[in-house]
Amino acid sequence: MPVISVTLLPGYESDAQHRLVQRLAQTARSVIDASDAGTTVFIQEVSTYRRDGRVFEAGGAVLPSASEVVAQFLACMASRDLVAAQAFLAPNFEMVFPSGQVMRQLSELMAWAAPRYRRIEKTQMVYEESWQGDQTVVYCRGLLKGEWPDGSEFSGIRFVDRFEVIKGKLVRQDVWNDLAEMRAQGSQG
Amino acid sequence: MPVISVTLLPGYESDAQHRLVQRLAQTARSVIDASDAGTTVFIQEVSTYRRDGRVFEAGGAVLPSASEVVAQFLACMASRDLVAAQAFLAPNFEMVFPSGQVMRQLSELMAWAAPRYRRIEKTQMVYEESWQGDQTVVYCRGLLKGEWPDGSEFSGIRFVDRFEVIKGKLVRQDVWNDLAEMRAQGSQG
Amino acid sequence: MPVISVTLLPGYESDAQHRLVQRLAQTARSVIDASDAGTTVFIQEVSTYRRDGRVFEAGGAVLPSASEVVAQFLACMASRDLVAAQAFLAPNFEMVFPSGQVMRQLSELMAWAAPRYRRIEKTQMVYEESWQGDQTVVYCRGLLKGEWPDGSEFSGIRFVDRFEVIKGKLVRQDVWNDLAEMRAQGSQG
Amino acid sequence: MPVISVTLLPGYESDAQHRLVQRLAQTARSVIDASDAGTTVFIQEVSTYRRDGRVFEAGGAVLPSASEVVAQFLACMASRDLVAAQAFLAPNFEMVFPSGQVMRQLSELMAWAAPRYRRIEKTQMVYEESWQGDQTVVYCRGLLKGEWPDGSEFSGIRFVDRFEVIKGKLVRQDVWNDLAEMRAQGSQG
Amino acid sequence: MPVISVTLLPGYESDAQHRLVQRLAQTARSVIDASDAGTTVFIQEVSTYRRDGRVFEAGGAVLPSASEVVAQFLACMASRDLVAAQAFLAPNFEMVFPSGQVMRQLSELMAWAAPRYRRIEKTQMVYEESWQGDQTVVYCRGLLKGEWPDGSEFSGIRFVDRFEVIKGKLVRQDVWNDLAEMRAQGSQG
Amino acid sequence: MPVISVTLLPGYESDAQHRLVQRLAQTARSVIDASDAGTTVFIQEVSTYRRDGRVFEAGGAVLPSASEVVAQFLACMASRDLVAAQAFLAPNFEMVFPSGQVMRQLSELMAWAAPRYRRIEKTQMVYEESWQGDQTVVYCRGLLKGEWPDGSEFSGIRFVDRFEVIKGKLVRQDVWNDLAEMRAQGSQG
């Protein structure tokens, strides 16, 4: 238990169906302490589906994996391809980095970063998704490595980013990390 | 679309059933761009259920809301009731705070905090859950307020905590915040 | 074939459930030439039902049988209890009797009837319903008997009434009958 | 609510499936005051179906739309193509027109009509179906126009026809209209 | 896989439901090489059920376990309570014992047995059922012990009985055993 | 009642599906006194199926009909094709014939038979299966004909064989018959 049956219009690709059944199983197990062996999910494709006075010819589109969208955005940023990165952003995108000021342009971010590090790279990234219906929130955490403004190197500095993703577009990014903490320790040393 | 039917053994309280259907709807909508109006979830209670050679008399226990577990733990910590807070921790609990060192005892945390702030309080907390099957990860973010070691006050400092929750017990806590960043800004000012 | 499963919130009385399964079977057999023996309909009551962001506590109300509403209205009219009859009418009720003029008040009908017959009675009534979603149309046919204005009696005169019923209220009545035809034949005789 | 699942053998054309789901939704809403948005119907095609000791290879045939059968019959009658019209009739077909006499041959109808009008045409036809399982009853109403025996024209005269349709054949026709009423009014004028 | 859902009218006792789900799982696994862990069967009780023009108030009666019926009959025979044993027999009961002659009365059996053994007892009985729809066939096998006509004892002699059971009554019994084989061996010795 | 729905991964051949639905119907009717007309079984093929953390691409293999396996084995034995017969046996196969000794090799059986009959043939075979989950037991009964060691012929002698079949291989054979009984009668005559 439980047994979860999902009724869908036909046409969904295998990959989307796999994602759906795996996520539904995980979600059910967040509420009920059921073994994975006892958690069954299957998809039945209907022949004809009618709701609200209409017979539907096709179901809603498959949403891209929000984590993959974030990963692609971060890859563009890592390679400083701001044009490509911009394509992942919703028009009302905003971002908040340590210190808390709200920025809306990737170019603002460049300015914010300048006094903080000469270059930076995210490593060992792990993604976690929070499925919230109208949006999916992606948390990406890992370790930063790069170069301080004085040219000395750093690595292994913890970070976590939070992204709000709506229909495959990033709407908001929040960033936390230990850069200031570690910089302070460094300057104390 | 989709229509999701969940087959459960009887006996689950209304609250757990509500949580389950809401979460399954949210999860389905993380994969398929379906309207909320077109996303139907219902629970059917079976009369008799058999799997793996056994007839089950009752389903798995209801898990507590992981967010509520975290909220209760944080409330205990806020009131410095370490004994009560300890009751929420799994035996192998570990925590990582800014600077990255791994701590296992709440008392260690007290020592870690001493040079950083005289007192601290989490405010405007928002919880987000990532349902992962064997565990649920809870992200709690908000703003910190408190007093620096020198007695001056601070507030509005961003934080995010990440908790791994397994069967209602906290297994790990990771903490990020802008304290060092803001302290540095303060010292620069 | 077919097998029709209806998922309902609990709480519907047995009578409504019986009406529902019988009607669904009849309707399915209006499209598919299935034997009655091979047409199965059953109702499953769900434990929890969620759509459009809400968990529903109860399903929609049971609608009264439209034919019974019409029969009660006609009984009131037969006993000239216009007050009681009025209670079955929607505010925008209108009726069309032979000759085609639109009337809105039962009192108008009395005036219309005066030159046509001294008294009249519907007999051998048969009701047929057309299920149309937002409304149900009831056809009532049978034979009229009564007294012509000259005091002579008539009987066995065919009639059919058509009623539009929305949520248990009559919205429109259309009446056809052979009174004029028979009166003409009588006057020819 | 409700959610209606129809299990069918495969092979039914899309048009029949659409008719079926729409009708079942309408029918459910004749019993329960459910919104159209909340009324879901879908068809699941089975892989193998067994009842009464037999595995069925195909489901019952699709019945033609009873309203369309009636419309085609009336079109043949309108163009006085009695041979084509006859093809729509069951062997035991009978019809009852104003005055109430039972006729079995379309030629009888011609004789009945002769003294009543020189020519006649149905206009603004609206069809309504009553799904009754073994038969479907079709009501067709609208307005008559034509020419009186004296050559003067008439139009806008209300009529309603009732047809019993069994497996696509007309078994009975009952006709009511205001012709006599209007003729009488005309002769009074 | 597979997942088997059984829709029943309510009212079946837990024991019957358990028997049903266990048997259906076993049966499915006689056709498909599915693991027991992956074979799920559950029962859903319907609220209202309609077939063949009728709404059913209750499902078919629960049949007694055919093996238990046979075991009770054999216990009566073992204690030579022919009256009680007779109550398990259908009116057209017949039995065939080694040598092949058909007997209809338990008293005939006594005569048949007389020259073969002085007393006899079935031991270590194992029952197996063959579910055939209109009837269930029960095979009971085990070992015989008893006394030869000459007073010497025997034991460990293989037997198998086959019973046809229809609605809880025995319709036929066929008996095979090694008594003659062992008697022959004994007489050879 | 009952209505049994079987959810399978796609890919099962029609023959296996027919066997499955027929057997499930028979099995349900071994517990509930339901008419065959009222026992509906159908198979729904899922689009995607997930259990125990895995999405399954295909269901378990179809098992051969245990009765057919036994029939083929017996045909090989009838034609004394011991090599072919051996192919039907599991490595741990054992058999028990009248007198009760356990044999493991078909050649042992030849030795056992030598003093009992010169040749033998099974006729009028009827197979019955007992579905037990991990194994299916097949009972085959009928009549023996052949030649006694002295060359005289016999026929019409009752037998029953019991076979344990696991995944299409014979694991055990138990044999009972009236040969000794009839030989004894013959020698008495």
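We just call them A, B, C, D, E and F in the order they show up, numbering each chain from 1.
Operating definition for what follows: a residue touches a chain if its C-beta (ideal position, glycine included) is under 8 Å from a C-beta of that chain, and two chains touch if they have at least 3 such contacts.
All values derive from a computational prediction rather than experimental measurement.
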item: Contact distance in steps, from chain D to chain E; value: 2
item: Each chain counted as touching chain D and chain F at once; value: A, C
item: Selected from D-F, C-F or C-D, interface repeating A-D by over half of its contact pairs; value: D-F
item: Pair exhibiting more inter-chain C-beta contacts, C-F or C-E; value: C-E
item: Mean-CA-position distance for chain D and chain B (Å); value: 63
item: Inter-chain centre distance, chain E versus chain F - centres from mean C-alpha coordinates, in Å; value: 18
item: Mean-CA-position distance for chain C and chain B (Å); value: 58
item: Shared interface positions of chain E, touching two or more other chains; value: 3, 5, 7-8, 12, 20, 25, 36-37, 40, 42, 44, 49, 51-53, 133
item: Inter-chain touch pairs (all); value: A-B, A-D, A-E, A-F, B-C, B-D, B-E, C-D, C-E, C-F, D-F, E-F
item: Footprint of chain F on chain D - complex, ascending; value: 7, 44, 46-53, 55
item: Contact footprint of chain C on chain D as seen in their complex; value: 1-9, 12, 16, 19-20, 23-38, 49, 51-52, 56, 59-63, 66, 96, 98-100, 128-134, 136-137, 139, 141, 156-160, 162, 167, 174, 176-185
item: Parts of chain B lying in touch with chain C, wherever the complex brings them together; value: 5, 8, 10, 12, 14, 17-18, 20-22, 25, 36-37, 39-45
item: Contact set on chain C toward chain F in their complex; value: 3, 37, 40, 42
